[in-house]
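Labels A, B and C are assigned to the chains in the order they are written; within every chain, residues are numbered from 1.
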Amino acid sequence: MTAAGLDSSPRKVSAAGGSAPAAMRLTRLYAASRRIPVALGLLAAVGALLAVALDQHWAIAGGPAAQRVIPLSAEACAAAVIAVSCHGPFGEAERATGRWLPWLQLAAAVALTAAAFGVLAAAGPAGLLPGGAWAVLRNVAGMSGLGLLCASGLGGPFGWVGPAAYLVISEAGLAAGWSTPWLWAGRPPHDLGGAVCAGVACAAGLAAITLTGARGPSRSAGPG
Amino acid sequence: MNVELADLTRRFGRTTAVDQVSLEISAGVFGLLGPNGAGKTSLLRMMATVLPPSSGRIQLLGRDPGDYGPRREIRRRLGYLPQSLGYYPGFTVAEFVEYFALLKDMPPGQVPRAVAMAIERVGLGDRARAKLRTLSGGMLRRAGIAQAIVNEPELLLLDEPTAGLDPEQRMAFRALLREFGERATVIVSTHLVEDVGAACTDVALMDRGQLSFHGTPAELTARGEGSGAAGDAPLERGYTAALAAARAGAAGARA
Amino acid sequence: MTAAVTAPARPGLPHAAAAPLTFARLVRIELRRNAVPWVVPVMAALLWFDSYRPSTAVPAFWMLRTFWNMGQGHTIIDTGPLVAGVAAWMGSRDARRGMADLAAAAARPRWTAQLATWAATAAWAVGAYLALTGALFAVYAAQGLRGTPPWWWLATGAVAVAAFSAAGFAVGALFPSRFAAPLAAFGAFLAMGTSSQAGFSATSGWALLLPTNANGNYQVPTGIDYHYLPDLPIARLMFLGGIAVAAVGLLGLRERAGGQRLRAAAAAVTLAGVAATATAVGLATTARQAADGIVIPALHDAASDRPLSYTPSCQRAGDVPVCLNPVFGSLLAGVTAGLRPALAAVAGLPGAPARVTEVAGTYTANEGSSGQAMTISGRPPVLRLPLDAETLPGSFGQTPAEFAGQLQVLFLEAFTGTSSGSGSPAQHAVLAALLQQAGQPFGAQPALLAMAGPGAPGPGPGGAAGPVYAAARRLAALPAATRHAWLAGHLAALRSGAITLGQLP
């Protein structure tokens, strides 16, 4: 093997020196491989769109259920972005490494969910966002959980299917006046049942993505 | 023994990819030969702890990978190059290797040097800052090898590592394998018998999920002598003869 | 492998004949390896939950059961965004799999290969839509729905799904990334959302073309008294088909799509799609509301306006025949029983109907058409009952007793001249007295009037304890012959508003 051209100073290759910088460096590389900066940009764009919609009083006629379409769509879209961000490009080479990967997956999902909550809650001035910040937190957390479950089961690139389906079901359920806590978007913001169900969905999604990761297409499980 | 397999079996639906394979492998370079679809990759994936066996027992580096704690320890000491390596095209070579070094839980202080060394060992020192999307297929393969060896693994699993390498790189790679084989267990799955002849101390031949030969390259070569088997080189003729004998034996057993 | 392998003979088909065959084979391969089937179960679940379940709450008429899922486009909401997302995933496949160079280097233009992938995606999506909505229609047919199915709207739904697949595919092919699929799906949701918003507030112009807009073009008499007018569906097919064609054409404009001539053809295809969409928008601006739906003059066939002919089903309420479209045959007994006491209360008075006949309702917008007024006209007088526009038993929880009360209110409002929310206090007092005679107690009447009326009536009778009801109670307390004689002598003046509350006996 040739050594020609190799940078003899390792510091120029990597800045990692101690434990904390190494953790930061690993986090940064993980985030880059999952396009998390792009995901954050998209979350900001969704938040901006919601802010414009609320400011301009975009509302769909047809009753209170229909008027939640735009905020709920924004929340579901944010959850979808979070779900597809879980998918990694490295396949089995990454899975066959040490202990950090599950924690990175968990941390990324939690951080993105928190970011989504932040931008969406900030998008709505007091009184304009149906249910206020608590409802945003509950809805985003619950739908992110569904997205993560989908990413774990169907594959990372299809993580968006869960939030999309839940959005349609929520709208139909709201229009029909359903009050089951599993339709948490239709419950009052401080309702315990809705919060518990959303929390269960969120916890299940986070557990699935931590323990199994997002299924990827890099290798089909076949003989060979 | 760094690798102990006992009656290891893996099924995919009705297909048995690996059929009751028993094997013990110590330090050195171990070649896993076989035709396409023989079950080499499935066996390697089980040893890489990413595919659980359907039945049988597996011990890696003295630990059972079925349990979480031991599996974690194994993975810290493992290097794995899958047949199909995924990569993020926006990473540089250095970032790619460093990412895996960090994931493998290497002491942070050692990471920069280990990354630089791994990149140099595969001959990509001058491309350390190049984005992966700009590399040729052979260079990508070498970047994959670099991530596998960055943690100085005690168990190095390489699936078709020389695919896409030019002759010069292939020779250098064989030297690298020999060097690693002095202190670690290196298992190379390949269908290129010349790689085995040049680098391996032990070799096994897989066919239809079963081990049909286990010995040294010299023993495999001896199988071909006077057999009239096809092949351009002695080891290739040995491979062909061993494969033909295994198939004849299997046919006889069925009859 | 053996050394003695002979090269396969080159296919002997002439190029012109081989191209469609090759394309068909490409499509066949793509059909086998397509992602849409993976989301068909989700689509089926959503259709059942969002399109079928809510529709069962309304009576068994095609136009009522399919108003929500076909007229307001819920079958498209349930499928279109998912299709757009999966199509984006398929569109980005070459880039994701590193096959872009391989495809570009093939003898066939890359656009052809992409068209094959899209065609298979669209075929799966449209096939799934038609199969699922077909199953929905089959369930309705098994339930014995009356009227005729909205076939035109089924066709527009299928083309809408194709448009979503094309738009999603273009997003995926032009911006390949992991985010392409969710952005295409939620972009489709947003399009449907804004479509609903514009559609609910617009009854003319381009908004009519939006797939969730049912205003004025999907109304209750259609399929019962009139054919489904094809004008707007045709324009909508042009609009959605144009979007699909333009999106697919866009893919051929890129440098790597193919040769110069092929790119020119792609540009022509794109322009054709844009032209179709623009033409549809232009046509929609000329649309006007007619009794039987939205009419677009350039597309209108006068033959479509002919009402559907039928032999009415009749029963007698005392001496008065009550005749309905046989589509409403199941309601005939309830209508007759509901009207009977009210008809008896006015029997022999001037303007009392000699016959009750069902007519088609008229609409200006699709929402709030329930409780439409009845009219009495002709000699002998005929009560015209727009049954399709009333809240039928089963709709919104309407009970048979409430339905009967609604019919009595609407009939007696027509009889006393208090229809359309107008009427003097004297008219309302007489209305209340007649309702009481028909079996509706004074105390229950304010709620009944509020439920039956199209809106809050003008002056209205006020509360049950007010002066109107005091006069009504006085009138109702009179002997039947005295009251009948007073009404016979004063009804004409009462209807013209010339009688005051104080002039009532």
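Everything that follows uses one rule, which is that a contact is a pair of C-beta atoms (placed from the backbone, for glycine too) under 8 Å apart; a residue touches a chain by one contact, two chains touch by 3 or more.
Just so you know, these numbers come straight off a predicted model, no measurement behind them.
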Between A-B and A-C, the pair with more C-beta contacts: A-B
Most centrally placed chain - per-chain CA mean versus overall CA mean: A
CA centroid of chain B to CA centroid of chain C, Å: 64
Separation of mean Cα positions, chain B and chain A [Å, integer]: 37
Complex contact set, residues of chain A against chain B: 1-11, 13-19, 21-23, 25-26, 29-30, 32-33, 88-101, 216, 218-219, 221-224
Complex interface listing, chain B residues touching chain A: 12, 15, 17, 36-37, 39-42, 45, 48-51, 72, 75-76, 78, 80-88, 90-91, 94-95, 98-100, 102-105, 108-109, 111-113, 115-116, 119-129, 144, 147-148, 169, 172-173, 175-176, 209
Chain A contact footprint on chain C (complex, rising order): 38-39, 42, 45-46, 49-50, 53-54, 74, 77-78, 81-82, 85, 89, 177-179, 181-183, 185-186, 189-190, 193-194, 196-197, 200-201
Chain A to chain C touching residues, read off their complex: 35, 38-39, 42, 58-62, 66, 69-70, 73, 76-77, 80-81, 83-85, 87, 154, 156-161, 164-165, 167-169, 171-172, 175-176
